[in-house]
Every structure is written in structure tokens, then in C-alpha cells.
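In what comes next, subunit A is part of two complexes: it sits with subunit B in the first one and with subunit C in the second one.
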Partner chain A sequence: MAGARGLRGATAGVVGLAAAAVVLVPLLVMARTVWVEGAGLDDMLASPGLGRAVRNTFMLALAVTVLSVPLGTLLALGLRRTDLPGRSFWRVAVLLPVLVPDFVLGYSWLRAYGRAGFTDDLLGAHWSAVQGPVGVTVVVVVNAVPLVYLITAVGLAARAEPAMERAARASGAGALSVLRTITLPLLRPATATAAVLVFVLTLGTFAIPQVMGSPAGFTTITTRIYANLARSSDPLAFVEAVSLALLLVVITVLVVAPADALLGPRLRVTRVASTDPASASGNRTAGRWVAATGIGCYSLLAVGLPLLALVSTAITRAVGLPPSPENWTFANFGSVLTPRTGEALGRSLLLAAAAASVLVLLGGLVAALERSRSGRGVATLVTLTLVLPGSTLALGMLIAYGRWIGGTLVIILLAYIAKLWAIAHRPISGALDRLPPDELHASRVSGASPLTAIRTVVVRPLAPALLAAWLVCFLTALHEVTMSSLLYGPGSETLAVVVLNSTELGQVGATSALSVVITVLLLLPALGFWFLIRRLTRDRMTVTAVPEPVRAG
Partner chain B sequence: MPADTLQLRGLCVAYGTVAALSEVDLSVAPGEVLALLGPSGSGKSTLLHTVAGFHPPKSGEVWLSGRRVSSPTSSVPPERRDLAMVFQNYALWPHLSALDTVAYPARRRGESRARAREQAMVILKRLNVGHLSGRHPAELSGGEQQRVGLARALARQASLYLFDEPTAHLDTHVRGVFLEELVTRQRDTGAAAVYAAHDAEETLGLADRVALLAAGRVLQVGSPEQVYSEPVDLLAAQLTGPASVLTVPNGSGQVLVRPEWVALSGVRPARIRDVWFRGPHSDYLLDTDQGRLLVRESGPPAHRRDDQVTWNLRRFWPLPPGQTPPSQTSSGQVPSNLAVPE
Partner chain C sequence: MTVRDRSARLAAALPLLLIAACGGSDGGSDSGGSAGSDGAAEPITLYTCVSDTTIQPVIEAFEQDNPGSTIDLYRAPTADLNARVAGDVRSGGLQADVIWACDPLTMQDYVDQDLVGGWTPETDVAADLRTDDYVGVAVLYMVAVSAQGIAPPQSWSDLTGEEYADGVAVPDPSFAASALGALGYFSQDPDFGIEYYAGLRDNGAVQVSAPDEVTTGVAEGVYKAGITNANSAYAAQSSGSPIEIVWPEPGAIAIYGPAALAVDAAQSETAKAFLSYISSEQGQTVIAEAGSYPALEGVPGPTIPEDAQIVFPDWSALADQKDTLLADYQQIFGS
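And now, the complex of A and B:
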């Protein structure tokens, strides 16, 4: 028994040290840098350009939150609570923006709706505001909607069970009345969580403002950090970047801390999700076709058409030519599929696989540790990394460890681990929570040793969660660009960095071809794994989906 | 003659390709309490949820007070059906207090908040949970939650009440109190009710009529005495209580015998195979020439294992021919139908 406790203490120590090394140390050395080298910073911080960047960032986050939360909630209600035709297809379709790298999404919108873009070629009409703050806002919204959708859908399953809505219908409430008095109030914690998360993540978003805003002179804190680092040799510009990065953290904490204090206790009492997929009422309304059409149009305009435009640009000989078969060519692909791209791709895959594997291990360890008191602090620290802006983490890594490993793959790997730790930890921790302790007890009293019990009754139910965690980390790392673009050096560019740099060079055909390549690279494993995970979970789903669930009391 | 409060005509319901209800015909007269008795998964919940309008039927129709409310092509939404429901898992809304939960139906009728709360308080007090009006579901015990659920249903002032195993999660004592409450309120309102349960004792004492349900089909409908004493087949008999099957000596068929239909005195010899003391009465399992026989007598056990006794039938019920009681009489196992149902 004492040995087990000692082992747990040692593990907690190691994990705690790792968390400190990738999160606390970088933040502290940044603070020290600003403190020590901050002379002359006052003038710089007062410059109108910086003020504008801060204001832009704040307004963007606000607008995106206000727009994406209702939209995502609406989608979740439409797809989880009605019998829309083609429901299961739309459920996958609305998640597509998650799989498309954000810089690709931004770029594809420019190709679809911008000057000399898809609609311009076909209809002679373009939307000039797509380059600039409006376009940035819209695409960040499109990018944020799946997150809101997912959080709301989980909230729907966990708190607003169909039984709640049925009870309201049987009490005389109409469909809209149920929505107003029961469903939405029950969803309030989920909605608030989604709003806070979207706001904070938008504060730190980089690729979309960089690709769609910078050419139009729209700067945010993150693009300014990037510009300071990439284009200026002024040491003060570096210090300004560090200060901005810290400012991001301060704003984030100011938003998250009160929200966590308010929402935390309520979120923690959520019930185990019921798997009853039925709608609240068996009525087949005509409205479902309207809703399906709406979701279809949204998916088409937000993701379908832009991706189509991207592919069309990639296979068209030159910009401005109509995308008709006689102008089709593979030359753009030929020009970008160079050995250099191949190397970058290899590095990206290696980095992503390494990061995902380390992260699942660390995430699993933290999930196991947080069940004891000693590990809870580590878990809190790890959860924090979710909201730390990538730009901040990258700068912190650079200052703390750049001297030794700057410009190498290792520093990028460290940054990935810091940024994605929470993403790996959450699904595993959630799956552990749903594992009834009695299952483990039953295995022990049936004669299994602790390790056998874990191997035989814990790992198998956890397999989908572990796999999902690995997959999400792998895919996110594969298209990560905020940190990679600040940390890469000669010989350590990732594919995402290559694509981002290409967007800035104005080679439209080549950039489109690269974007198509990286998107396909993400979609293929994602879909493959998705089917695998569904398969792993299906046998259990069928057991719980028995028509008349009788839970013995 | 007024229309039946509820009528099901050839109702079939399916989940995907799995049939949950097949060709169900049932009716409930105004003020009548119909109990649905059947094991888990027999389709009781599905039936109630279809009546409430949560599931569309695959074929067949649901009629409420002479009005068709469900058919495969049309459906009146639940809130416009004149019914109320008490749910198995209580289905109380976590964000509303007991008072606001019970006020909810009145609010939906368009009452002002103050008036709806006033009415809700009256109902809560009548159910002896007035002091809990400010609490949220998480702060209530199972029995209290279910009383709030009952109060909410009563606040609906409907002419049909649906009870979906309301006592399934309550312990025995609370269950008794709740049922007493329910029966009293039922009488007060004069409304009809459909009560789904898998506990025979509870159901038989409560209902005007009983419908036995198994695997989505109605086996038998009748008065509680009828379904208990004159079951249509062995399966129906097992749903309502313990029973033994004896072969008639001349080989002309089989008869069903309830434990209390046997007297432990008479002319036929038997050996006692097992004895169970059950509090108010004792059960004996007898080896007889006609098969195993379960006997119930009041008081503590008067015999022991392996005692030789005599017995006689006060009453029996001939099973229709063609019944193949699985292994009841022939094998050496203790027949499953001899166990007292849950």
C-alpha cells in the first residue's frame, strides 16, 4: 500500500515538473523579460497602432462570441432534437470546419468570395469586405460554430434529456415554450462555457486574421506579435511582442476566472449522459425540411463552396481563367510537391505523431492523478493551457529554452505539448468519470489484481477516448500554425508553416494546391479514425439503446 | 354512452426494425384505472409514450375522448392532448424549484405566475410536501421527487393520467405511501388512468382492470380477479403471481394452481421438498404424483423438509390445450414460476 502511494507521489512529481516546465517557466521568464528590458516600452505601448490592435482583438472576440453561440446552439438543437432528413450526414458536415486548418479556411474564403475568386469568375460578383475585419469575423465565426455545437450537444445529452422536454410537453407546453422554459435554461451552463471558450480562443486566434486581415491592414494582438518577431530586428519590438503576449494572458484570466468561479460548481454536477436519441415529440413537422435546407445552405456557403473554390483554383492554369475543363492542369500541384514540401510534410507528421503519443500518456496520467488530492493541482494547471494563447506559449518557450533548442523541432514539440495537454486530458478524464467505480470493484472481487483490473475492464472502455484524444491531438498538431510560425527555424518548417508563408507570397495557384494537399492529409486520417472510433463504441451503444430503458433503483 | 377516454386500435410501434408494440387494442372508460402489467421491455413505456404523443405509431390509431390523436400520418402534439404523465425517472427539471415545477402546467394554460404558484402550493400541501416548495430536485429524496412529479401531473387537470412505473425507484415503504396518495388523488379527480408496473401485487390492488403485456402484445385484459384466477395461458399466469402446473391424472390436460388454492390436508400424499418462511405466510414446495406444487398457508411453517403430508385442491384453473409448460413438471429443477415475483 505504501509502495503504491509512493509510486503515485513520484508520478505526480514528474507530471507536475513537466507541467511547470512547459507552462509556468515560460510565463515567468516572459514576465522577467518585460520587467528587466521594459525601458522605453511606455512610448511603444502608447502607439496608436498597438492600441488599434488591442481594440480590434477585443471587438473581434466579442463579435465572434455574439454570433457563433446562437448559431452553434441552433445547429445543436436542430440536429439533436429533431428528426431532420439526413441528420447523421449533417452532424458530420457541421464539424468539417474543425478538420479544415483555419488558415486554409480563411484562404479558401478569399478564393471563393474575394476579388478574382470563384464567384467573381462564375457570376462576375465578389464581396470586397471578405478581406478585412468583416471577412475575418465571419470566418472565425464559421470556425467557432462547431465548438459551440459540440459543447451544446454534450450539454443537451447531459442536462436537457429528452425526458425533461417530454415532461414539459405533457404539462401542456408547446414546442417553442419548451425551448424557452426548459431546454435553453437547462443549457445555460453549456452556453456560458461555450461563450467563454469562444471569446478566449478568439483572443488568441492568429491564422485567420493573418491570412484575411493583414493584407487589408487589419491587425490583432497575435498578428502584431508575429509581425514584430518576423519582420523587425528592433529589440524593443521583441519586448513589445512579449508584453502583448502577456497582455493576452491577463485578458484571458480576467475573463476565465470569474466565469469559472460562477460556472464551475454548476458544471461539475452534470449528470451522466443518457443515450436516448429520440426527439421530444414524435411529430413530423414540415419545419424540419426548412431546417434541413437552412443547415444545408449554411454548410454549403461556409465550407462547401470555399473548399470547392480552393480545389478549382488549385487545378486551374492561371488566376482569372474560368474553372472550365480546358483550363485544368496539375501543374500547380507539380510546382508545390517539391522535396522541400515533402520534408516539411514528414516533419509535420513526425511532430504530430510524437506530440499526440506523449500527450495521450501525459493526459492519461493527469486524469488518473486528479482522482487523488495530490494530483488535482496539476489537473488545474493543465486545464489552464487550453486557454493560454499559442502566441504567448511560443514566445515563452523561445525565451526560456530558445538558447539551447531554438529553431529545432524539439522546441515546437514542447510548445505543442504545452498547448494541447488539456485537449488530451479532457476526453480521457471524462471517460474515466463515466466509468462506474463498481466495475473496477467487481473485477477486483472476481480475483483480478489492480493491473489486471485496469487492463481488462478499464482500458477497453477507455479505448475510444484514448484513440479520440490521440487523434484530436494529432490533427490539431498537424495544422497548428500559430506557434510553429513563431518557433520554426531553417530546416524545421512544418507543412502548415510552408502553406502560411506561401499565402503571403501571393502565389495563388501554388498556395491553393498546398492547401488542398494539407486538407486532404487531415481529412483522410480523420475520417478513417472516426469510423474506427464509431465501430469501437457501437457495440456499447446498441446495448444502451434498448427501447425501454429500465434502470433498477 | 360517452366515448372512451382512451382507445388504442391495432396499435403497432417500432424502433427502427425492432417491433415494440404489435396490434394492441385497448380501451379505458372515463374514471377507470387500467393497469399495464408486464416485465421489463414488454412495451409498457412505449405504449404510454405513444399515447402521450412522443412516438408516432407505425400503424394503428390512438383515440382520446372520441378524437383521433395519433395515426401513422397525423399526430396531435403532446401539449394539446388532454392528459398528464408521471415519469419513471421523475423527469423533474433541475433548474426549477418544486413550486415552479408544479406551477408549470398552469403557466402553460396562461395563468399568471402568482396564481399558478398559489394553485401549485395547494397541490403540494395536499401531497404533504408543501414545506419542500422552495427546493430543487437535487435537494429532494426519491419519494419526495416523485410526489412533486405527481403534483405536477395533478396540476395539469387532465382527464387521463399516465403513470410510467412511478414507483420503480422507490423503496417499499415510500412506495406504499405514494400509492395511497395516488389512489386518493385519483378518486378525487375522477379522471381515468393508465398505470404501468411490473409488480403484480401493487397493480392488482390498484386497478379496475388489468392488461397483461409481454413482448409488445396484449395477452389478456380483465378485472384483477379475472386475470389472476383465470389466466389465458401460463405466461399470463406467471405475470400475476406464483402458480404451479399439474397434469390431470387421466392424462386429459393440465391445470393451473395458485399456491393459496391448495389445502395441506386431504387424501393425496406428497413429500415436502422445500419450505420458505415469508412473514405473514409460509410457502411449501411439494413433490406430488402430478408434479411439483407450491402451497401457501398462513402463519409460520408447520412442516419441515421431507415431511410426508396430504393435500387437496380447493380450486384449479384448466389450462387451454396446447400449452407446453417448459420443464415445469418433468425436470428435477425448481420451476421458475414457483418463485414469488419481485
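And now, the complex of A and C:
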């Protein structure tokens, strides 16, 4: 079919150009910088601190992946129970960490559980390990769990087969064996997607190790990069920062490329799933309260208490005073909210919406190309910029395009696309493979144009995955700090830049107030989109509730 | 290719165009060129790491006094500022006409790379606070803070004494330039030397990242005392934090924030006018009223105790010693 091939060629062209512009060019200019200026790098590679940082980074990424993937999956399975008490509330609550910028999350944990923190004031007990590797690991896990949950929940919505689960139950299988032999195997593509994303994101995570680990002497590659950038008026320190960023890229290539090449084809299940709103859940009476209590405790300890500590610090007049009513004040908020905040909020909303829309489109296109080997190559390629800390990715963009579009919103948008492409692509890819190619052919044979066929056959069942990807990209772009703070110019200050610039970081009250403000500003659009997604998901489910025959692949 | 294909790609490109249109209207003024031959004052670009609360009133006052002049501001923490400059240099050249940095070492690096310098305004700022390439326009003072119920240290060397055992917080000199200034001063003063830090370490002192963290930790009672900057300490104290602030013997350590003209802006009258303004008595008064310590003697500014002594690191020597000094320091506080 010439039309389909033409469309495929055009898709490959668009994706190839975009990947070259936002991924390859910045990486190449960084490599060139190291090549041209990297004379003194031998000393750097020989430094014992570097080996320790590499080991710390690797162990952290491993531990976070091993812990957050089961935890996120467990949450998704628990929240799938329609009989769960307070289900709709918990479904929003577990996503809260996505709304909270990661430096805020790290900071709020210190305020909640650290020395002289919330629990110390209230109960006279603190957790000293919160500052250091253990605390960093726990908080990065908390930060990663919503992403795993989201990908797994979308996977469950797209591919769970309640009919099969019910059949197994009717044939006498226990709840656990249904989980082990049917539900989890069907989820494998989603689980693999989540694991790869979490691993790479953790390799490149910066704010949490910087806030919680650095004071305790726990260094990672990203915190070393930052320390070098802080001294980068010295050209050698600058080159060292860029080299370390490229080292992260190399580690990512070594891990992700084999995973993509080996797992990709094997995980594809060509099986048509029918989703069914009355999904199978295990024993209806026992267990539901256990599940609700578990989710409740997790949400309270991981997010609730830290955010409460943050609010309490934000409204306390001065550091070192007890957070009692006579010490309450709103002055900290006054210092953060300036007239420019509103203007910047509008700009950030526009920027984030544009980035999310472009990203979902590009993510979908890469997912569509992935059935070929070169397509999988592109999938690996766009993961490379995900691992780069925002600061170095922004530098790559600045060196590559600064002379033409420096200081404009366009360069910030390009940086967002580079950073978040994999986050948009992988969840879509994880849900896409359940689409039977036959249906696309059938609609084309019946006279539908390529676009109509894609719109009706492909986009519709993918709506939850597309919307989830859009939402995550939108929210992440909305509270992004590092890249916009390095790239902005007059007239392109984002919300985070204005809010961060309005206060000196380090002043505890103002920092807390600023964190509360950012979180609340994000909460409003996020809740709106959440309800939109729920409505769309419900509509879709009633449309596709007609049972379809199960085809073996 | 069908018409629909084309319209789909156009739809995909729309968000990009939209953003380009929005950013483009303002982005054009960011080129930092200084071609103003038509008589009207050309806009200049200022890169700085000083806080918004200080820089905004200064820009406002300057633009009011110089009608028609506009300043495009890029403000960011030191690490971002340095990275931005490094990126600019590798992408067609420095975009700033004026840089206002937070410590002399950073500025000296830029002078060494021929990015700034070669001109300074006529000013009464003391010779300790300027060179032929840049002039100090604000000052940070490193002082000591102590928690309530603890006797405040009278001299820096008190912090190595038993009274403060396991309770002193020191800011990280590889993180904060002001802490590096303190390290420089102590290492250069024969009464202290790098051994001073070994003494602190032996006394159980703890390293934190930034001076603000020292202030916070002491206010919360986590530490007995610490080395921090005066702005941070007085801000906490005036909002009610239970701390004492001392300018210890032989003196608080002064770290000045220098401003310099970009080499490429040598012809820009506006850039020169701005530098002259911020180092003049009038500009210094605005800076002081905004809460920063002025560099010009006689301009009333934030709190300095009557009998306070002030000491200065030898910055030009420190520029050469920096790397070995940091290595020696890390031998002691190793992280």
C-alpha cells in the first residue's frame, strides 16, 4: 500500500530530523568540547572521588529500580480493586509526588524527619539516616513510584484480561496464582518500560542527592557535575562537568541499548485485550481494608507528613522557633509571590502545553516505528538525553543553538523535548503493541484514509496512555527549574525562574513557602486534567466493553 | 503524499511556531550588541548572581536616572551564571555587556580569558576592593553565629576550643565562594594557617554546603556555633531566630562582589554609565537600602557593630593557591 508506506517514510523523516536536532547535535557539541579542550582530563579520571561517585550512582539506580517497580505495581494492583474504600481519593493522592518538584520532595523529607524537623519538634524523635545514602534512596523511590504506578495502571487498563482472570478463578486458581500466571505476565511490557525509565531517571537525578546527600558527603556523578559547574569560570572545571555528563550517557548506552534490543521484541504480545470496567478483583471482603490501610499509610508517610512539615515551616516566622500559632506569619509567602509570578505562570502554562503536545506526537511516532530495528535504535537514542542532568543538557543546547535562539522560549522548548522525549515515548510504546496490525489493514481496505484509520483504530484505544504521557510531560515541564534557569532571557522567564529568583535559597522559611506555592500552582491544572482523563477513560471503556475474541499471537 | 499528510505535519509544527512567535518578540533584544550609533541609548545585557531583592531596585533607579536606557537582566545562582557564560563563550561569544559577580576569583577567571576588564569607572571604592579590571560594588562579611545559651566566641580561634566541641558548622569552600574566601584568609594569616581547619576538624566540626545552612542549623540548635555570612545571620535574627552574631577577632572576613565591563562592550556608553552608577555614592546608597553591604566607605548600610574589625584575603595570591588549597582542605574535611 503506497499511502501507508509514504506515511511511514514521512514519519521516519520527521522523527529522524527531530532526534538529530534535539539529541544528536547537543551530544556531539558536548563531545567536541571535551575533544578540543579536554587536555587535563587524565587527572580527573584518576581521582578516587570519581570512582566512588560512579559506584554510588550505579548502586542508587539499582536500588531505586528494585524497590520502586514492585511498590508501584502493588499500588496499581491495589487501586484497581473497585471495592477499595476511598479509591478515587487514593488514586489522586498517590500521584502527588509527580506534582511536587523533586527538590521540594527532598527538602520536605528533611523538614519532616531530619534533625530539628517536624517529628523532632513534636515527638522528640528524628531519623538521622534521612541525610545520606539511605534517605536519598528512599526519597528517590518515593519520587519514582508514581511513574511506575502510572505506567502499570495504563498497562492494566490497556491489556488486562478480566475474562481470562475470571476463567482462571472459576477453574479453581487462587488469587496469587492468577496474579502470577496471568496478570503479571500480561503486564511485562509495562513493567519493563517502568524499570528502564526509573533506572535511567535515577542515574540522572540531581536535586534529591544534592539536597539530602551532599551534606552527608554522599556524592553522585550528577552532584559532581554541579560542583564542577559551580567552578566553571575555570575552563578545566567546565570541561570536567561536560565529560562527566557524557560518562552518564555512556553508562546509559551500555545499560539501555542491550535492554531495548533484547527485551523489545520478546515482550511484544500480539493479543487483543478487552477491557472491562467491572475488572476482576480477588476476594471482595478480606484484603480490601488491608490494601486501603497500606496505601493510606504509605501516602501519609511518603507525602502527607513531609508536605505538612513544609507548610508548617513556611508559616513559621523564623527558623528555630516552635511552629505554634503565636509564631505564624504569611510574610514568607509575600516574599515569594511577586506581580511577575502571574505573567510567568501564563508563559509556563503555554510552554508546558506546547512541549507536552509535541512530545506526545513525537513519542507516538517513535513507538509506531519501533517494530523495525532502526525504530528501536531511535527509541534508545532518545533515552540518552533523559539521563543528562538538566544543567548539562541545557549547556549542550546553548552551545549548539545559543547564537541563534539563545534566551528565547524556543531553546527552552527544545531542551524540554530532548529531556522528556523518552518519558512520553515509553509509556505509549508499552501500550501500543496490543494493537493488532490487521485492524489497521482492515480499515484501510474498507476505504478509510490513513489518518482516519489511525484516528479510529490506533488513537482511540491508546487514549489513556497518550493522556497519561501528556500529563506527566506537562507537569514536569511546568515545574522544571534547572534548564530554564540556565537558558532563559528577557521575556522568557518561566514560573520556576521568577519564583526561585525572588528569594535567596537557603532561607528555610522562604524556601518552604516557595515550595508550597509551586505545589499549589501545579495542583490546580493537574486536578482539572485528572478529571478530564477519568471522564475520557470511562467513555472509552463503555465503548470497548463489547467482548472481542481472543486471538493467539 | 496526500493533502491530509501535509496538514497533519503542519498541525504538528504549530506549537513550535506558536512558541517561536511568543519568544521571538522579546528574544530579539537579547543579542547584546552595542551598535547604538543612532544616538538613542542601546539596551545592555547584565549577567549577575546578586539577589533579585538587590538587583531589581538598582536597575529601576538606573533606568529612572538615565531615561531611554534599558537593562536586560539575566540573574541566576553562581553555578548557573558560570555555566551560562561558559556556554556563551563556546557559542559565538559572551552575550553580556556587564557582569556583576559574587566573588573576585570568578571575575579574575573571566579577566584571564579576556572576557571582561580593561576599563573601570572613576570611583572612591577602596583599593582593597578593586583592581584595574573590575570594581567591588557590594561586600559579604563572614562572621560567627552561636546558639542561645552558648557563650558567643570572641575570636575565630575560640571555635577550636572545648566549649564548642562537636558543635561547629563550617560552610564548604568548594561550594560557596564566600567560604573559599574565608579559607583563603585563614590559610594566609600566619596566626591561623590551614592548621586552623585541622583544629576545627579535631574539635568535631561538621561541614555543610552553604552559609545559610550554617545559620539554619545554629538557629535550630543542631550546632552550637558556626561560620556564616552576616546578611544571612541578621535576616534570621531580625525575624526572631534565637542566635547571637559576633564579628570575631581579628575581624570579619570581607568578600567583595565585583562588577566589570565586557571586552566586547568597550564602546557601550550605557554599559559604562551603569558601572559608574553602581560604584557611585548614589548607586551604592540604593544597593545599601536594598539590604546589601555597600563597598563604598561612608554609605550607611546594614548592621556593622561599632567596634567591628574587618580583614581582607589577598585575592591575587589566592587565585594561584586555590587548587592546592582546596586539595589540602579536602584532606582535612574529606568529602
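Keep this in mind: the second predicted complex is superposed on the first by the 340 of 553 C-alpha atoms of A that agree within 3 Å, B and C clash if a C-alpha of one lies under 4 Å from a C-alpha of the other, contacts with A are read in each partner's own complex, and residues count from 1 in each chain.
Here, contacts are C-beta pairs under 8 Å (C-beta built on N, C-alpha and C of every residue); 3 or more make two chains touch, one makes a residue touch a chain.
Since this is a predicted model, take the numbers as computed values, not measurements.
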| item | value |
| --- | --- |
| First, second, both or neither for A:L440, with subunit B first and subunit C second | neither |
| Subunit B versus subunit C as contact partner of A:L409, first or second or both or neither | second |
| First, second, both or neither for A:A21, with subunit B first and subunit C second | neither |
| Touching partner for A:G174 - first (subunit B), second (subunit C), both, neither | first |
| Subunit A residues touched by each partner, larger count belonging to subunit B or subunit C | C |
| First, second, both or neither for A:A448, with subunit B first and subunit C second | neither |
| First, second, both or neither for A:L186, with subunit B first and subunit C second | first |
| Touched partner set for A:M164, first subunit B, second subunit C, both or neither | first |
| Subunit A partner contacts - residues on subunit C that touch it in the complex | 1-2, 4-5, 8-9, 12, 15-16, 18-20, 22-27, 29-30, 51-53, 72-80, 82-88, 90-92, 95, 105-107, 109-110, 113, 174-175, 208-213, 215-217, 219-222, 232, 235-236, 239-243, 334-335 |
| List of subunit A residues in touch with subunit B within their complex | 159, 161, 163-164, 166-175, 177, 181-182, 185-186, 188, 269, 278, 280-284, 546-548, 550-553 |
| Touch list for subunit B against partner subunit A, complex | 15, 18, 20, 40-46, 49-50, 52-56, 75, 77-79, 83-85, 87-89, 91-95, 104-105, 107-109, 138, 142, 152-153, 155-156, 162, 165, 168-170 |
| Contact set on subunit A toward subunit C in their complex | 3, 6-7, 10, 14, 29, 33, 115-116, 214-215, 217, 219, 226-227, 229-235, 238, 241, 317-321, 327, 331, 347, 350-351, 353-355, 357-358, 361, 391, 394-395, 398-403, 405-410, 413, 449-451, 485-486, 488-492, 501-509 |
